[in-house]
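There are structures below to look over.
In what comes next, chain A is part of two complexes: it sits with chain B in the first one and with chain C in the second one.
On to the complex of A and B.
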């Protein structure tokens, strides 16, 4: 199966500091790819390069097997890449429907088409089997952390996106809500989306992911199938960049 | 899935009692909305009518409306800026500058009224664009920018009216705005039109939503809303259509002040923009979470500039009304307490100083409260000193209610 999104030999520097070295990364439809790595390993930078917030210095960016150039977040959004950032970016004073369509409202003439938006939002939430909100017209401020994360994810899915990138979606959640969000992440992949999950939590990673990509000091240490790796191996890849035959040798990909 | 309640597709059937309960829940949760303003209005009116029976006369009622009109319109514009969490301290003197432009074009240039009005509003738009650009592009806090403009425009008004002369306005159309009244029949006709239009709009929307299987307001709630509008409007028009001249044989004085339908039209327009257009939605979004709005592709700078343009444009309309009421423009037009009363009106009505919450209707409710205090205390023979003290206390109270309801909302998870 061809990956929907593939990066080859990505380099990225900020001034004299090279943050990404020759990174290869591929994301497959219908799979959850966990992106792991210690603080400062380059996860956020890699995601921002994918999302078009940073331009890459060199390397290939392939989408659906074709070479593309991403220069702005808009380019990425047009391809169907949506990023759900850690701080959610929801407006507390707006309701769920208003948040989901923020900046991309449906209108008839100059008037907002509330009914269509409400229907679409309801359908999307239903397709994600979200049944935890009382009314899709309630303000986001009245939602729990898990519900807010759900809305943020639903917002990303609404646009027939192909790749959804979740930046630590469970970091601030309790046990029950984490389970709820992970279930949703799995459901997204089962619907055929390519999901990238950034997480520090190995339990979460092993619970939902199909592949694990481990970054170490700006290099891709290894990208393995979750079923092939063990908990300890992944931790080793994160902390030292190598584990047995896997990983980097003297700073170069094996 | 601990907090599972119900599927979003199967909402409970909406009922009157459900709506009332929902409203009560919101109020308890800290979302007081217009409640404090309405409550204050009832208390103030009761107190003044008991202490000074002349407060309740038709003559005073008409007077009250024209008295509060200019401040109300300026406050309506301020709502747009306050929604973004910004403030415009220069709106008062901006209205003065625009009124001066109007007066000069009418008298010295002898231009027709519509040209002068257009020029005055255009002046407001230019002022707003300048203020908004400085705030958005240079990133200077709006408080400082508009404080500078407050001082600057004060000087500009002085220069425009040549160091303090009083320019009197004789143009009949302009003077009519705040000093003439609609024929009684026209007052009734406009009210009927408004009520029927409102009812039709509400019913149509409810029917359309029901036909698509969406939650719609119960018919009884719509009937209650329309009924309330009809009764309140009916009583107001009835009172205003009573003869209030001291000597009806010489000159008859009846009808709704011309300025009232103007304010109603501005209210409908403003409410439409805020509630039914993407622009309005984006204003709330920027006020609620500017970063989220930016990530959603909303041009935050442009929203800021446009809000200041609307604010100063409305201030121009307020200035025209003030000039009409005084039939003249002097260095104090839009000065002294006008701006503070206008900000007070918006906040008393329930618009938050923290951004993201407010309606154009708030400005009207708050403006009425301010006008009632000013008018009632005047009738009681209190000095300006006492009036200022009371208005200041009411503003502090309103801002306190705003801050407390936010705290409470944060605690209950509502806002």
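On to the complex of A and C.
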């Protein structure tokens, strides 16, 4: 299976500080790829490069096997890449439908096409088997943490996206809500999307991922299939960049 | 030599097949049914006409198709009219529901079952009462086409006698089906199945396992039950007791199981073991205890969630938990209890709530809870690895309280699998949590109750209506 998104040899520096060194990263449709790494390993920078917020210094960016150039978040969104950040970027004073269409409202003539938007929002939530929300006209301020996360994810899925990147979606959630969000993440992939999950929680990573990509000090230590990896291995990759035959040799990708 | 099936048999089979499509797939257009069932358009029309006349389905114009041309009529199940009664007998709860054709729960009643000595009357009484209450509320044009129950115990396929149920506590064989039938007096026999077996079928037909031909469902109640589906069929065994995954011995020198042997999977990963390891069994003094449900101990998201530090404990299932619990005394200041006598609220929790509280505590950095979960996850992974090596399933589903346990110990479970399962067998394996959640067993019972009407719709309906 060809990856839907593939990065090859990505370098990125901020002034004198090189944050990403020769990073390879691939994301496959129908799979959850967990992106793990210690604080400062470069996870967020990598994601921002994918999302077009940072331009890469060098390296190849392939989407559906074709070389593309991403210069802005809009370019990434047009390809079908959506990122759900930790702060979720939802507006508390707007309802669910308004949030999902924020900045991309449907219009009929000069007025907003509320009916169509409502129906699309409802259908998206339905397709994700989200049944915890009472009304889609509820203000976001009245939702629980898990429900907010759900709305933010549904917003990302609404636009026929192909790649959805989730930054710590279960941080700050209770057990019941974490379970719901994890199941939602799994469902997204089972419906054919490529999902990237950033998480520090190894149980979350092992519960839903198909592959694990471990960053270590700005280098990709290894990308392993979750079914072949063990907890101890992944922790070693995160903390020291190598584990047995896997990982970096003298700080350079093997 | 037997002749081929008669016209009548073929028609009966096709009626059942069409009804099953609509029952499991929801409203479906005639055009779709034609292509899915591989039958002629006029055949489909005749079949739907028969089912419509019998009042099992209804045909409607679709709201919008988005395509040009005359829209194909949509066939919907008569959910409000045709229903079954489904019962779920769990260790801690009794549920009765009225489930409409198509799988919609129309009405439900639930009560808590107290753990204690087994009494058939205490189960049959409330369930029969609920069913009668719900039946009184139905409209006169509705029809009940079946009654079935899921029971947390081994059920004899032939006569519905419960032969064992270590966690429910019957000392001898219990004629559950017979007694339910007598008490309900609905004029139809009550079918009974093992709860995990039925849940496996429900997940297979309308849950996360749709389209999977080989799957294994693990159900955690107090113990661990299982349902194994091989090539689309439930593995029942000789008398229907097959699939008792919970009594697979994984640790011959391990803990005593309710069934009498040592080290059954159920004994190593069951609720009691988890709670004991986490120091949360009522009445048992603990080396370390924290009050509350942990929700107010906030602010522990950061370092506690660092991999390798908190989750690394208990790689070895034999980790002496006592040594770990000492360090847990360093817990959040101000939330310590005065002692075992003044224990907090979760001391009295049992069942799902107690398991959830352990996962919650582990997530918030409680080292004892983390060690308990990772120990249980290790054994669970070992059990699943054995199953994967034997059955090579496409999917393993964790249901009941094992949903929480799996999500809270997935790193351990999958590490075990990576080490102990054969690479070729685990390659295409998908690990999933139940899609039907707490209703999996109940929906399984409903499917069992619908089996008759799906096998022979007109005959079953005629019998139910008489």
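Note that in this section the second predicted complex is superposed on the first by the 254 of 254 C-alpha atoms of A that agree within 3 Å, B and C clash if a C-alpha of one lies under 4 Å from a C-alpha of the other, contacts with A are read in each partner's own complex, and residues count from 1 in each chain.
Keep this in mind: a residue touches a chain if its C-beta (ideal position, glycine included) is under 8 Å from a C-beta of that chain, and two chains touch if they have at least 3 such contacts.
Every value quoted in this text rests on a predicted model; they were computed, and no experiment measured them.
**Q** In the superposed arrangement, which partner chain does A:133 touch: chain B (first), chain C (second), both, or neither?
**A** first
**Q** Please name the chain, chain B or chain C, that touches the greater number of residues in chain A.
**A** B
**Q** Could you look at A:203 and tell me whether it touches chain B, chain C, both or neither (first, second, both, neither)?
**A** Second partner only, chain C.
**Q** Let me test your reading of the model: by the given contact rule, A:176 touches which partner, first (chain B), second (chain C), both or neither?
**A** A:176 contacts both chain B and chain C.
**Q** A:232 in the overlay: touching chain B, chain C, both, or neither? Say first, second, both or neither.
**A** It touches chain C, and chain B stays clear.
**Q** With both complexes overlaid on chain A, does A:16 touch chain B (first), chain C (second), both or neither?
**A** Neither chain B nor chain C is touched by A:16.
**Q** For A:244, is the partner it touches chain B (first), chain C (second), both, or none of the two (neither)?
**A** The answer is neither, since A:244 touches no partner chain.
**Q** Can A:74 be said to touch chain B (first), chain C (second), both, or neither?
**A** First partner only, chain B.
**Q** Just to be sure I read the superposition right, which of the two partners does A:91 touch: chain B = first, chain C = second, or both, or neither?
**A** first
**Q** Return first, second, both or neither, reflecting whether A:65 touches chain B, chain C, both chains, or no partner chain.
**A** In the superposed model, A:65 contacts neither chain B nor chain C.
**Q** Between chain B and chain C, which residues of chain A are contacted by each of them?
**A** 176, 179
**Q** Would you mind writing out the residues of chain A in touch with chain B in their complex?
**A** 73-74, 85, 87-94, 98, 102-105, 107, 110-112, 115, 118-119, 122, 125-126, 130-137, 139, 141-144, 146-147, 176-177, 179-180
**Q** Using the touch definition up top, name the residues of chain A that touch chain C in the complex.
**A** 36, 129, 171-172, 174-176, 178-179, 182-183, 186, 200-208, 226-232, 234-236, 238-239
**Q** Which bits of chain C are touching chain A when the two form their complex?
**A** Result: residues 295, 301, 305-308, 311-312, 315, 356, 359-360, 363, 403-404, 406-415, 417-419, 423, 426-427, 429, 431-433, 435 of chain C touch chain A.
**Q** For the complex, give me every residue of chain B touching chain A.
**A** 1-9, 11, 208-209, 212, 214-215, 276-278, 281-282, 284-285, 287-289, 291-293, 295-298, 356-357, 409, 413-415
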